[in-house]
Amino acid sequence: MNNSTQWETVIGLEIHTQLKTNSKLFAGTDTTYGASPNSHVSMLEAAMPGTLPVFNEKVLRYAIRFGLAVGAKVIAKESTFDRKNYFYPDSPKGYQITQLNHPIVEHGTLTIQDKNGNDKIIRINRAHIEEDAGKSVHDKYAEFSGIDLNRCGTPLIEIVSEPDLSSAKEAVTYMKEIHSIVTHLGICDGNLQEGSFRCDANVSIRPVGQNELGTRTELKNINSFRFVEKAINIEIKRQIKLLESGGKVTQETRLYDSDKNETRPMRSKEEANDYRYFPDPDLLPVVIDQAYIDNEKQYIPEFPAAKIIRYTQGLEIKPDDAKIIAQDKSLAEFFDETVKSLKQAKAKTAANMLLGEFSALLNSNDVKVEDNNLNVAQFVGLLEALAEGKISHKIAKTIIEKMWGTNLLAEEIIKTEGLGQVSDSGELETIVKEIINNNQSQFAAYKEGDMKMFNYFVGQVMKQTKGRANPAQVKTILEKS
Amino acid sequence: MLINRKEVEQIAVLAKLHVSESEIDAIVTSLDSIVEMINHISEVNTDNTKPMANPMDAVQRLRADEVTETSIKEKLLSMATQTDEDYFLVPTVVE
Amino acid sequence: MKLSGIKSISQALHNKIISVQELHDIYLKRLNTHAENLNCIINYTPETANQQIKAAQALIDNKQAHLLTGIPLVHKDLFCTTGVNTTCGSRMLENFVAPYDATVVKNLNNRGMITMAKANMDEFAMGSSNENSYFGAVKNPWGLNRVPGGSSGGSAAVVAAGLAPIATGTDTGGSIRQPAALTGITGIKPSYGRASRYGMVAFASSLDQAGVFARSAEDCAYVLSEMCGFDAKDSTSAQVAKEDFSENLNQSIKGLKVGIVTEWMDGLSPDIKQATEQAIAKLQDMGAQLVEIELPTAHLAVSAYYVIAPAECSSNLSRFDGIRYGHQCENPVDLNDLYVRSRSEGFGEEVKRRIMIGTWALSAGFYDAYYRKAQKIRRLIAQDFDRAFAQVDIIAAPVSPETAFKFNTKKDPVSMYQEDIYTIPSSLAGLPCLSMPIGLVDDLPVGLQLIGHNLQESTILNVAHQYQQDTNFHKMVAEGYDE
């Protein structure tokens, strides 16, 4: 290889999606995150002798919903569980229950946009059900690791893509798209910090034009979108450097160190493992019929892509705004609820205010839509007051701030704070006349057609009325004068 | 020999068992005789036979997604040899 | 007083001829006299027993008792029992106290039975002679230099010596039937899925079944009926209605079709063959009709079994790592050392051998040729039985190719594994089967195996009971153990 070789990147992702169930995959143990170590561990997860697994129906239903959402060709009428055998302290049974040979979901697809903005289909090879492992705590002790089994047995679906992704950017786009699907389905809380959504990336490079794949490395457990991109890019760089200097890529598992921005081999995975998969004799085949699958269809919500079309075409929202709203499940819900209740106000105004003042308040208070600092009724009231001309946009901003964290409606605030627009034309006329009297030369310029002067007068009126004047009315009065 | 010393050593690594120098030959011999016995299964054609994983001609039952277990942390930790506060302890796990 | 059978003991309890405590004490005295010599008990359970005695007596006094209330028993030491050790015959679990009761134990507790002790066994139920126990070999009451069979050898010895009227056992490839035959008692393994495996320390999940030892088929029926039943905690538990296996005991066996596997009969030593033929002839005298049948794939059963059972065991026993419970080695230098030494010290030779065979059979490149192939053979064997049961009601067969052998005579594993050639086929097919005593050869008991079709426990128990109504072999007691 020489330095003029053009390289092509091939990436496949394995996304571990924790399912949002009340209880674990094979026992009625609490799955709530953040409990004190080992307090959410039943005898099954502690691998007490004689304990046996019983399958959580919710997991099956959630996996089917995911399959439906990605248009999977196969939602297995009969799927089976296999044991993956290995010793590790966070996996007390000495094996993980997973689905090797007959996964519940196979052959789905997902469309993403490549760097040129063109649609690109990413094939999903499979999504299978498996148990999560516990956690090892390393920094607490010098010579020991502490084992916390709370996460052990939490249900996961592992979503395995084909190696169809050709850049770190595409990988992140795909991962975000999957994230959006599982959160919209409500089958995963999508919390990356808590590890509910994590990703392994298989990365290889090959000279452009070569058909066979290069040797791949597997980057383990990357838990942020940003790190996925950085880790893959740094790994591509490493592989290129290696190959261009005459070296060879070793097939191995590597860990991304975000502090040093480098990848390094995982020592625990060095000893060639032979997982000795075989069907779990404690579990029988999971058999479902088409009616069971069809019944899950009712739980498949409208996805962002469809929402964007509805927003842009039906509601005339700007494409960029539509995208932002559609991709945030809670924001979209809030928006849809709002639009449903609007009378005079336009959806477009709602979108503007949602992404403007409303989002600014969310950010500055560091809260989420679902924290309900402002409810739909309040927001609708505000938009209607604006549409009816009761308040100006500027006042609207004041009102939304005043509503925040209260249950007060716009009407109430306008009344108690006297923020309604000065709609009494007599009162407004008196004010305008007075300003004209005090600014004769500017008025003359206005009359001669200097439109800057119009803004000047509106500004003066607003100052006097503390923003309560209706600019259109001011214009009428000026023209008459 | 149907199974050799090296294979036995590899199996021991996978199974996390120690095989001492003094016993390995005897183990190889005994495993070899078992493999010889096992190998008879290749005598019958099974091309059209479905594997039987379990004698139960039944399908997996489903459990409702309900929390039925309560914390048994103290009990579990009291059974382990090495613990600290809420953790089971093991010699440092290398990642 | 003469203690013979659950029904008469129960009557004595209900009629206040004897109290639960007095009954228990009689057996405890017998245990104290003989258990040490036979090495059939690993731990006694006096605290559990005392509580249960009080509760049982109260039930009897309040006329709320069941037939089994107050009847003492011994559990094989792989059923988890709260508050007392469950060792599985292993150093690994020498000090292990399970935090819960096995479903089988719970079911019998609920009927007011009294747990006296935990019986010795081959380590993790792997063995056919009970020589594989960390706590030493169990001796056969019919000859202290002879094995009681395994792996439920302690349970069998307890009942054979009259140290308790009932003992539980488990059977994976013959671990109830073979010791029952070698100690001259009745033992039954129900269909796979009848008894919950929850709380039974697993050896080979797709084969393990709990069962019971008693002197008679009748007593087996009473206890088995209460042990069994659907359990939501076990995914492989059969969803069938609870059945009273004693209901049909008194039916005539006239016209019953009994299958005989000619090939098996031909393989027996002359004296065992003679005893077996006599028993079969007796069934014929009683009106049964004999039908020769073939089980063409059954000769591969032992080979297939020694792939499937070790493979499952290699995985099932991975949880014994010394971390959360069980034996932990001293001063491990690192994590791998902790695993390797804890397991190597905790497990005995046969257990390690089976873990290694299973690990090998599942390892890369071998899975299809061994595990998958063995599962296909398993299906062929099950199909052989299905064809046979299209023609017959039950199958009568030998249990073991020989009577109780002397200690240390089977040193190579393969010859030990051949002990189970007649019991393994029905285990692979998940069928109910029992062993009942049919006489003595050279003063040692011989058993006959009755195999039923799936869920036909009541049929084989009916045949055994009818046989026992007409014969006295089940009343034979080894010298020195008269009750």
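The first chain written gets the first letter, and so on, giving A, B and C; residue counts start at 1 in each chain.
Simple rule for what comes next: a residue touches a chain if its C-beta (ideal position, glycine included) is under 8 Å from a C-beta of that chain, and two chains touch if they have at least 3 such contacts.
Since the model is a prediction, treat every value here as computed from it, not as a measurement.
With centres taken as mean CA coordinates, the chain nearest to the overall protein centre is B.
No other two chains have as many C-beta pairs in contact as B-C.
Averaged Cα coordinates give chain A a centre that lies 57 Å from the centre of chain C. Our note on geometry: chain B versus chain C, Cα centroid distance of 23 Å, whole angstroms. Chain centres here are Cα averages; for chain A and chain B they lie 40 Å apart.
Those residues of chain A in touch with two or more other chains are numbered 43, 46, 54-55, 87, 89, 147, 274, 276, 281, 283-284.
In chain B, the residues that reach two or more other chains under the touch definition are 14, 16, 53-54, 56, 58, 60-61, 63, 72, 76, 82, 88, 90-94. For chain C, the set of residues that touch two or more other chains comprises 96, 99, 206, 232, 235-236, 314, 318, 321, 323-325, 335, 339, 359, 363. For chain B in complex with chain C, the residues that touch the partner chain are 3, 7-8, 10-12, 14-18, 27, 30-31, 33-44, 46, 49-56, 58, 60-61, 63, 72, 75-76, 79-82, 88, 90-94.
Of all the residues in chain C, the ones that touch chain A in their complex are 80, 86, 88, 93, 96, 98-100, 102, 197-202, 204-206, 232-236, 311-312, 314-315, 317-321, 323-325, 335, 339, 359, 362-364, 367, 371. Listed in rising order, the residues of chain A touching chain C in the complex are 43, 46-55, 83, 85, 87, 89, 92-95, 147, 274, 276-278, 281-284.
Residues 13-14, 16, 53-54, 56, 58-69, 71-73, 76-77, 82, 84-95 of chain B touch chain A in their complex. On the side of chain C, the complex with chain B involves touching residues 96-97, 99, 192-193, 206, 232, 235-236, 238-239, 297, 300, 302-304, 306-307, 314, 318, 321-325, 328, 332-341, 343-344, 347, 352-353, 355-357, 359-361, 363, 369-370, 372-380, 382, 412-414, 417, 428-430.
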